[in-house]
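This is the structure I want to talk about, given as structure tokens.
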Amino acid sequence: MSFEGRDILSTEDMNKEDILEIMAVTARMEDLFRTQHVSDLLADKMVAVIFLEPSTRTRLSFETAIKRLGAKSITVADAKTSSAAKGETLADTARTIEGYVDCIVVRQPMLGGAKVMADAVSIPVINGGDGPGQHPTQALLDLYTIQNEKGGLEGHKVAMVGDLKYGRTVHSLSYALAPFAPEEYIFCAPDALQMPDQIVANMKEKGITCRKTDKIEEALQADVLYMTRIQKERFDDPAEYERLKGSYILTRDILEKGNREITIMHPLPRVDEISTDVDALPNAAYFRQAHNGVFLRMALLAMVMGRA
Amino acid sequence: MSFEGRDILSTEDMNKEDILEIMAVTARMEDLFRTQHVSDLLADKMVAVIFLEPSTRTRLSFETAIKRLGAKSITVADAKTSSAAKGETLADTARTIEGYVDCIVVRQPMLGGAKVMADAVSIPVINGGDGPGQHPTQALLDLYTIQNEKGGLEGHKVAMVGDLKYGRTVHSLSYALAPFAPEEYIFCAPDALQMPDQIVANMKEKGITCRKTDKIEEALQADVLYMTRIQKERFDDPAEYERLKGSYILTRDILEKGNREITIMHPLPRVDEISTDVDALPNAAYFRQAHNGVFLRMALLAMVMGRA
Amino acid sequence: MSFEGRDILSTEDMNKEDILEIMAVTARMEDLFRTQHVSDLLADKMVAVIFLEPSTRTRLSFETAIKRLGAKSITVADAKTSSAAKGETLADTARTIEGYVDCIVVRQPMLGGAKVMADAVSIPVINGGDGPGQHPTQALLDLYTIQNEKGGLEGHKVAMVGDLKYGRTVHSLSYALAPFAPEEYIFCAPDALQMPDQIVANMKEKGITCRKTDKIEEALQADVLYMTRIQKERFDDPAEYERLKGSYILTRDILEKGNREITIMHPLPRVDEISTDVDALPNAAYFRQAHNGVFLRMALLAMVMGRA
């Protein structure tokens, strides 16, 4: 019950025990989803889903979680129609909505914005992404996926591929998985998009072996392959982008050079960094990963509202 | 039960028996709506309503159908806030949402887009309009309206008026009603907007008498008068539009020259092609037609999810 | 039961008895909200929430009220995706939606637009704001707040501060509170934004003492202080705006010069016209006022649908 009333702002607030508790409740929620489809666990609750920047996937995943638990939601899906557009502060928005609902899920572009809202109200706030900051539900669903696909969280060799410099998900995953004694982190990216030195140093301090490479073949030897998209906008020189992007596209052919049991993950949406012929492989886990987001969010909602 | 798990992509997939089964279930759904208002037939189901192009009327009609059956919905009402805007394919969107819900309703502008989504997933997909392609729920609610207003589907003389060249609804209606031995189709339009020759030829092959005219007086002799809007954008010469549009405006005065029992239909929204003084006539069926859309969509949702 | 089937278009339609009945039902709804959280009073009802101009706060408040009563809603949150964008009249929109739901809540920018819709249909219509016209649920929640904070509606000295010329809420409040024998209205604004003479004359005819001032110190002697925002756009001369706005900003310091029991209200959103250090005062009622909007809207919904 330790999560009742707690805000979910970042996985950095969480210790290993917290994460394991969340994993256990998520597994129970997956079971609830598969057996009851719609439960009445939160039938007397309402949740506000406030998305001040667009993210259909995350929003729909939260709304599914809310409704599968029998709760009701009110939604802002578009910043332009919100009071924020009239100059209202996040704290005032939160204090107003506090009178309507039992929990707030918020995504907005300002670093630390979810914490501002959480500090303003006494109901729990779940951070659905605060710009360049945290996206804790993504990190936790990534962990749940690794646990499900690999049978546990401990001791994996995890490769992260693509844009490791700006990619929020790979930063969060690095930290969130760190307590589970990963055998190695393989950071695979072009030099210009490599994992920030500070994060690599932090991981080494935690005793994790870290390897930087720009060759995807090295990444393919891992247990878990976490692909991300390389965005053209990140490059000063478009020609450089064109030259590099092909090196980080996953195909069936290239996968044959690596660990055939490798679990392939991606936060989605993908554009072309994973070839669609990969989708049918049993170890292509990225759609299951997206579906796990519903179970994970059901777990957090039930936990912070004291029902799990 | 033959509809369980089936996609609803086009009425062209349907035989006469299919259509009659849908009509029968729709009648039961109308009864359910009128007696119970909200039922729990689909209380354990969730439906995604993905509208990547705006259509408030169709969206609200589907959402009403979903909620009147006790199901829950998640909605995308605006393409700009969707993952599609980040370059995701329709197939990927469908595969992600497949993990959230039991059925997908989709409207999007690409011909064949609903089929792409249906092919990507194992849950049923209902096409809410795919650009220049199909809009099967409109065609089926039109049939249900004719059945209700006329006491049956067989043997009617049906006039279609307005923009028959680009009007998707009149194309679909022509095909959907064809198995029910219509006495005659009267295609009433200015030459530039007449029914495509291919469709007229197809109807004749099916043994249906077809007449083309540009005089609305001929259309008024029918049993059913299906009005559509003539859009200014369809004309190269604005003066031509101004000259013609008045000829295809339905008023009380002009109706007195025709069959006084004629059932007046329109897919709505209308602009000025039916004078509002027509609304009070007992045979002005267009608002009932819109309301029938809810019953028809309830029927399809219940059928494809195996509950009707 | 006199409210069953009635439209809520304006508080000007209401007599003192009507208002007192609404206050009594609102108090019961507040109790229902606090004890049951979600009730099933309207479990067989559906409500359309049609917002053709953005107003997140009002929309979310209505949707909360609908869902806390167990009813279901369909929502248009964005004018651009609506049929209105295709040239449909408000009357046609209303007649179509009438077949879907049991009640329509509408906000749109045209003066009298809610009445146009109400006249077109037989289900009740609640006006959520019609441009420069009425916003009756705001006026009624303001009354409910005064009643709760002060223990009754009769005989108060009420100061209104800020933009009294264009501020719809202060106009409505003046009329709505008039039957309850206010001791005095203090209209506090810069000359250019003072309460219209017509309204002041109307209030005097009703026997209410009215005072105009441009000094906020006078307003602070009232029982109730109703703050509103001064908008820069209202001034021809930006320098004039800059000079004046500071005079109408409420701070803890300035409040110490007035009645320490004064109830501070604001329709929200605020920008900077109330300093955030005021929020913690026990008599800062503006967030409670926003929360009261849910109870008031629950009351109206239940009343017009014959359940209260």
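All chains are identified by letter, namely A, B and C, in their written order; residue positions are counted from 1 within each chain.
Simple rule for what comes next: a contact is a pair of C-beta atoms (placed from the backbone, for glycine too) under 8 Å apart; a residue touches a chain by one contact, two chains touch by 3 or more.
All of these numbers come straight from a predicted model, not from anything done at the bench.
Draw the chains as points, connect those that touch, then say whether the picture is a line, ring, star, complete or other.
Its topology is that of a complete graph.
When chain A meets its copy chain B, do both sides use mostly the same residue numbers (more than half shared) or mostly different ones?
The interface is built from different residue numbers on each side, given that under half of them are used by both copies.
What is the distance in Å between the mean C-alpha positions of chain A and chain B?
40
Residues of chain A touching 2+ other chains?
Correct list: 77-78.
Would you pull the chain B residues touching chain C in the complex into a rising list?
For chain B paired with chain C, touching residues are 36-38, 51, 54-57, 60-61, 63-64, 67-68, 77-78, 268-271, 276, 279, 287-288, 290-291, 294.
Quick check on the complex: what are the chain A residues that touch chain C?
43-46, 48, 72, 74, 76-78, 80-83, 85-88, 91-93, 95-102
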